[in-house]
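Two complexes, one shared chain (chain A), two partners (chain B, chain C).
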Partner chain A sequence: MKRLAAVVALLGLATATACSSTDNKPAGGGSASGGLFTTIDVNRPGIDASAPANPYNPKGNAFPGYTTMKIGWVVNHLTDPNKALPGMAASWEIEPDNSAITLKLQPNAKWSDGKPVTAEDVKLSIALAYTQGSTAFAVTPGAAGAAAEVTVVDDKTIKITQDPANPSPKFARGVLDTTVLPSHVWSSAVPATIWDTIKTARGDGPEAEKAREEITALGQKVIAFAPPKDVAGGPFVLERVNPGEALLVKNKHFFNAANVAPSQVKFLNYTGNEQIWNYLTQGKLDHSGFVAAPTDVMNRIKAAPGSEVIKGYSPVAVSMAFNQSKKPYDNVHVRRGLAYLIDREQVTKVASPEGGTPATTTSGIHQKAAAAWIPDTLPKLEPYKADLAKAEEEFKTAGLTKKDGKWTLADGTPWKVSMHAPAGFSDWLSAQENIKSQLIKAGIDAEVVTTADYPVYLEELAAGKYDVGFWLIALGPAPYDIFQRLYGASNGWANVGGKIKHSPAGKSGNWMGSPEEIEVDGAKINPGELTAKLNSVGPDEAKPIMSQLAMAANQDLPVIQLWDYINNQFVNNSRFTGWPHDDEVLRLGTGVLPSGVWIQQGLVKAKQ
Partner chain B sequence: MTVIARRLAGHLARGFVMILVVATISFFIVNNIPGDPVAARYEKLVEGGMSPEAAMQATKVMYGFLPSGSMGEQYVDYMSGLLRFDLGVSVTRPGTPVLDVLTDAAKWTVLPVLLGTLLSFLVGVILGVYAAIKRTGKLGDALAISGSLLHGIPQYVLAMLLVVIFATLIPILPHDGPVDILFEPGFNAGYLGSLAEHAVLPVATYALSAYGGWILAMKSSVVTVLGDDFILAAELRGMKRSIIFRYIARNAILPLFTILALSLGLLLGGAVFIEKIFNYPGLGLLLIDSITLRDYALMGGAFLLITVSVIVANIVADLFYTVIDPRVRSGEEAS
Partner chain C sequence: MSIVLESTSATIRRNFWNGVWRVMKRKPSRMVGVVIILGFAFMGVFGPMFFPAQLPDNPDAITQPPSWEHWFGTDPQGRDVLALVITGSRYVLLSAAVTALITVVLGTAIGLYSGFKRGRWDTVLMRITDMKLTIPGLPLLLVLATVWKFGNPIQMGLVLGLLGWGGVARAVRAQTLSLRERGFIEAARGLGLSTTHIIGKELLPSMAPYIAMNMLIAVTGAVYAQVGLFFLGVLPYESDNWGVMLNLAVFQAGAMITPTALGYLLAPLLAILLLTLGIVLVVDAMDEIFNPRLREE
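Then we have the complex of A and B:
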């Protein structure tokens, strides 16, 4: 018994010692002036301590908005894709015909090592962007909105002109959304001849092809590039990382450092939504981007002291997409029947009560953006309000028959709606379960099939293995980006060398299989060609095209728009205040951490 | 020593062949896992607001890190790299050798699992002996029940239970990561204290979940030994209870050493659920991450590392058994 007692005593002592360290105050913790700001990067689970401070590296320890800066921070505007907040550029001038943009850099901008930010830094950053693929800096033949010339005007001014061959109204957005990196650190990542290679790559022929391959190979080198230490242009600089957290400290050289409230920023690691929910319910995070949460979890998050959920516009909608190569989904009346049958309000209430609003109809555009772009067209669209009688009428028109309360196909074989969604997409799965119940109630056999994960889901969807799946649409704000989800590669239309080609259903990734031409208002239109046109026309020309496409989507229903997403931002008012509530700044460019931008703009204040 | 050396040589040769076979099998399994990682990345970029063309180019750059060539060529590359201890380059961590990624993660798995395993072994074995000796009393019953209970609770349930108790109801222990970043890394009290504090719950979960197995195995082994003639002889010779106790323990513990060695071999596999719940960045989490992102090189490397450690543990267990059990040694010498 003595040995047992000794072991128990030792265990107790070990636990007590470990527990006592909770009283230790971390060095430089929350006591520093301005305080510690705690957040997560919702775009990238899993902090990797060994990853370099490289914004192009998928696991890179670069935090856009906090440590890395873009030329400008493109905002979430309903109709203007070129609207942005100042970033490394204090201001810019866009030529009225979109042919060029002239950037004026922040006059006091410095890197965290004290060296000034110059136009040469921006030029090198543009060269780096070419290696990674960028809307404005692309060497792909026929790419819309590609830059032609990059000219350093003076130390703080740089002019970028657009290639007139295939101009795009969102050219300025592509330029502004470029990450700016210090040339004295990054110049070794690309050869000195990079601009010659880019010039050659933008041409035609075998030499250009070879140059393009060289640039792609350089892209791999850039992605793997590891700066010896983080030299940041943003309000913070990376201090250290461990596999569980990253610590940023204030960059005293940042041009707006006086208005940056926190003195330190801690990024917490997570591997799944559950951990984010835990952080939020415990009030640990000052800010987190949108994360889907069931109602009970959302209520617990809201109940945390200081917790607030800011709701705003999110240019994303979820839809039920059909594979029209499969019967009976090739028949538009079947799709319309389902649109009348499914009660979208009920689906949204079950699947995404906090994160979505039921789609008022299927237009291919988020309702808010639709109201801004095509207000006159909206009343003309069929709302497909839940109506069983209309649904049955459509099914009958399609040749379906109802026997013993069950709908069967025209040839008498049983009809089963088989819906697929990837595991872990809880809102999609809940929605499909609800739709299944609604269908079964109406006499249509239905099932929900869960796919192992998203990569498998996408592979099988593209291979045309599913009858019905869920698909994100309406990815704005640019009109082309919105409609290419319906009338792009997944539906057979692809840009090949600047020309739009259509592949038949089941070929080249065309899993939707819509017809190449659709009759809208008595006129035949090619939705893929019209969508591609949106990439090169201004807002005034875009509106009538968008109207046509919305009407095409509404009458032909390649998908049923179920709900429009809401951008939920989780903030905590216990330590910091001043959170913006403006739709435009709640969601910024690709991978950008909005709270970093709010902080650097001086919006976020330490609570007094 | 000759016997041990001969056994070692035989084991190493067999182990080498086994590793090659396992590497081959895991290569083909890993490379045939369904799912399109490039499409998933493209979708993620587009959903995040990137234009389709830019996303296409960005994913094209990533393609360069995926192995190219036919499956046969890739296999030859992989196996020849393996002979040079080169497991390839991670797709999700471009430019980083897989071996480096695995080494980084391994330290966060080995320490807590090793601690948990040894702690549970120690406590389980000691209490197992008591449970066997006192098997007709209340203490023996209580120990046996505690073993069965803890053995029956799945690791993830136990982990969540500890989180609820010590991180939510009585929030005295952290459950999110291996150490607080605010402490300067190094040999200082704050940092080491934070490391220890963060390790308490994962180690306790490992230890508690393994404890049940040890106590039950040890109890059963002791009960078997108690019926042996040499124990009866020792009692009849009037030997002290402490000496008899030592006889019992030394003989009963032999089979448990084999299990211990195999457990240590499996420790590199980590405990996926425990690492996930405690956000502990070990090999288990890395493996999940690599599967989710279809990082084939990393997946293959992780599988291989786990397999190699099990094979090595098998060899060590066998040799160790030869050393600690004179009956095995003398049997071999006789043959």
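Then we have the complex of A and C:
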């Protein structure tokens, strides 16, 4: 009898398991031919079922590339920041002097409720972008690359001109990277007088100040805005969401719906990397964006049926940054000594074997972008290959002494390299642990200290509380964005209204504390002013400046570039194929889910 | 006369230890418990002395599975996991010992005073105890961790001890209330013996087994609490801390995905499990030693 009960129980369990199976079949038994596409939003852990379908809400259930559209999808070009794929705009014309961009909207673009997408929708979306302080649509006085005027030419054409006061070569990028929302849904999020307020805010005086405050307050209102129903412009529309997953269904009104392969998209919930690893090793996901993984886990992911890891360029590098207000890091020879001492290949092998390439040198630029921007300068840079003898020589030149196998400061006090990282940044912690070991072996005492989270880490770093911390650099593709990480506000050079003001070390967020002028090839340069120039010059003029800055970074070492990131995209060929392998489209604008863009462009095909 | 008394007390002591030995011998598992606890005490005191301050790492052998060379494999820095567990034991055990000591000393003192004195002091102290018992420990620790770094095991033990005395105080008070009405306490009072003598020589020895058992159980509670906090990543990173090891095993080495990192996950878990087992076995023996009714002979 007991055996029978056990068999019945097992059968019951098997039935229940079969019923609750999460195989990739269309939910609700729909007649969808393209099938279900399963993915995760790698930018947003933890699905909040009660969050609105609002792309500006940090927890919002809006999926850029899938449900929400941008004017264009800016790509990951090595040197051109304005290159983009068509989004809600089918094409655009940029004036040769970057003074204006004219957008031509997709002729057949419709919202998911069937209403056509018009230039008025784009204009309202720009007003919404102003409330969030976007790059091109900022009311901050003197902001670089800000728009001056938005003109609706006709129902499908809109022209945006750049403010000539402080122009930027990446103005078009700022415009294209704007989310387009339906005005018939979102017009109630801002008052009808919003454009008058924006106009006033862009002026001077107390009225402008008041208008700017109004816009900031509106920003909060926009973030909290909850559309009654998701009216999407993208290839999918939100059907339902629960804490475990969000289900999107195909938007039949999407202008390129015929080429959109999946009929449904499921976003799975996750809270940490290990959950994503689990999905990937089980072959559950058709696509996942970059997620750091140790080699053994990566091997298991690759072993999953149909699994493929596409590697591409990621315009980010991680560096070990110094607070030069603290001794002995004010001495360039100490920084150079550490650059020679730390074996970057070993650090990368331990900390980011799959997601990074050891930096070939410290230039402030990702090695791939450096080869495109400054190929002639690269061979002239000191590579700082691991060399203990050279490191000791530099330390001696700095006045440090070695007693009983331990390095001490010039005044005889013990030297301890105290490295900081935010808790949870496992690759950074692992790197610091390895560097600590390398330093201790060389006779330098070291420690790794964690901070509760990233915002607190950045706050304490800016307050000058750390001697040494890790710092992201080389944030391309725009030359100014690349070098402002080294010679921007964190190093004392603030760009206010196109004018550069230098603050002394320890003041106004200057935690790096580099000297205001650096000698490069016998000539004194001001790296902050040169960096600011990059914000207003074209590519040809930018190249010599970038060479000078790379040499300055290489000689003066405000940071030691450790590794350049690799963009790993995880895809599965079991259900869908046609994945792009082109570096440019493997990574798109901030927050954009690239697979949504690949699907809407018709690149992804259902497997036959 | 004094010679006779001394010889009597020496005989009692000898008989006690003989009894202890008999109880321990009866169930070999109890001996195992004692060996485990002594082993952990030895590990905490002397273990780190067997290893250099910076454990040797090997970038060519990161996250290796268990082998003859590395019984529990290596961590993501290529360090021996067993060496990490041993060097990390000092922090965990020292803070657990401090926690246990504070829990028991504070809990016993408040419970005894409250139960023996009764009246207003009893009311005040027990209301404070009630208030303390209503404060949820883990959320409070999470909040404290944001302002206090707990870099020192004594600090950690102090905080955990200050959070854990409530239960002991309540139980000791209840025991005191019961014992103070017994004949031998009445007799002591009748003989005009001092309060210090009654508490120190009459009441405390009767409660000693209970207090000792609480102390051992407080050790396990403290280990779980601090390892939990380190696992959650709210306390400062220290690569050989058992909680940090568990965190890194799951979130950095992928122990739930790949078997190569399993040793890294299991080693600190086994250490905690073994320590708990040792304590449970010794508490079982203590129960019989101090409670004659449980003796099987």
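The working rule: the second predicted complex is superposed on the first by the 576 of 608 C-alpha atoms of A that agree within 3 Å, B and C clash if a C-alpha of one lies under 4 Å from a C-alpha of the other, contacts with A are read in each partner's own complex, and residues count from 1 in each chain.
Note that in this section a contact is a pair of C-beta atoms (placed from the backbone, for glycine too) under 8 Å apart; a residue touches a chain by one contact, two chains touch by 3 or more.
Quantities reported herein were computed from a predicted structural model and do not represent experimental measurements.
Q: Using the superposition on chain A, decide if chain B and chain C clash or fit.
A: fit
Q: Now for A:H333: first (chain B), second (chain C), both, or neither, which partner does it touch?
A: A:H333 sits against neither chain B nor chain C.
Q: Go through the superposed model and pick first if A:K465 touches only chain B, second if only chain C, both, or neither.
A: After superposing on A, A:K465 lies clear of both chain B and chain C.
Q: Identify the partner contact of A:K533: answer first if only chain B is touched, second if only chain C is, both if each is, neither if none is.
A: After superposing on A, A:K533 lies clear of both chain B and chain C.
Q: Determine, under the contact definition given at the top, whether A:N434 touches first (chain B), second (chain C), both, or neither.
A: In the superposition, A:N434 touches chain C alone.
Q: Just checking: does A:A452 make contact with chain B only, chain C only, both, or neither of them? Give me first, second, both or neither.
A: Touch partners of A:A452: chain B and chain C.
Q: For A:D296, is the partner it touches chain B (first), chain C (second), both, or none of the two (neither)?
A: So A:D296 only meets chain C here.
Q: At the Cα centre of chain A, what angle separates the centres of chain B and chain C, to the nearest 10 degrees?
A: After fitting both complexes on chain A, the angle is 30 degrees.
Q: Using the touch definition from the top, say if A:G46 reaches chain B (first), chain C (second), both or neither.
A: first
Q: Please indicate which partner A:Q484 is in contact with in the superposed arrangement: first for chain B, second for chain C, both, or neither.
A: In the superposition, A:Q484 contacts chain B only.
Q: In this superposition, which partner touches a larger number of chain A residues, chain B or chain C?
A: B
Q: Go through the superposed model and pick first if A:G174 touches only chain B, second if only chain C, both, or neither.
A: So A:G174 only meets chain B here.
Q: Could you tell me how near the closest CA atoms of chain B and chain C get once both structures are overlaid on the shared chain, in Å?
A: Minimum over all C-alpha pairs: 5 Å.
Q: Need the overlap of the two footprints on chain A, from chain B and from chain C, as residue ranges.
A: Dual-contact residues (chain A): 272, 278, 452.
Q: Give the list of chain A residues in touch with chain C in this complex.
A: Going through chain A, the ones touching chain C are 272-274, 277-278, 281, 293-297, 299-300, 346, 349-350, 421, 423-424, 426, 429-430, 433-434, 436-437, 440-441, 448-450, 452.
Q: Write out the stretch or stretches of chain C touching chain A in their complex.
A: Per the stated touch rule, the residues are 53-54, 57, 59, 62-63, 76-78, 146, 233-234, 236-237, 239, 248, 250-254, 256-258, 260-261.
Q: Quick check on the complex: what are the chain A residues that touch chain B?
A: 1, 3-4, 7, 11, 15, 17-22, 24, 26-29, 36, 43, 46-51, 57-59, 131-135, 138, 140, 143-144, 170, 174, 216-217, 219-220, 223-226, 240-247, 264, 266, 268-272, 275, 278-279, 282, 315-316, 452-456, 458-460, 462, 472, 475, 478, 480-481, 484, 488-489, 495, 587, 589-591
Q: Note which residues of chain B are touching chain A in the complex, please.
A: Checking each residue of chain B against chain A gives 34-37, 39-41, 43, 45-62, 64-65, 92-96, 100-101, 104-105, 108, 119, 122-123, 126-127, 130, 168, 172-174, 176-185, 189-190, 193-194, 196-200, 204, 276, 279-281, 285, 288-289, 292, 294.
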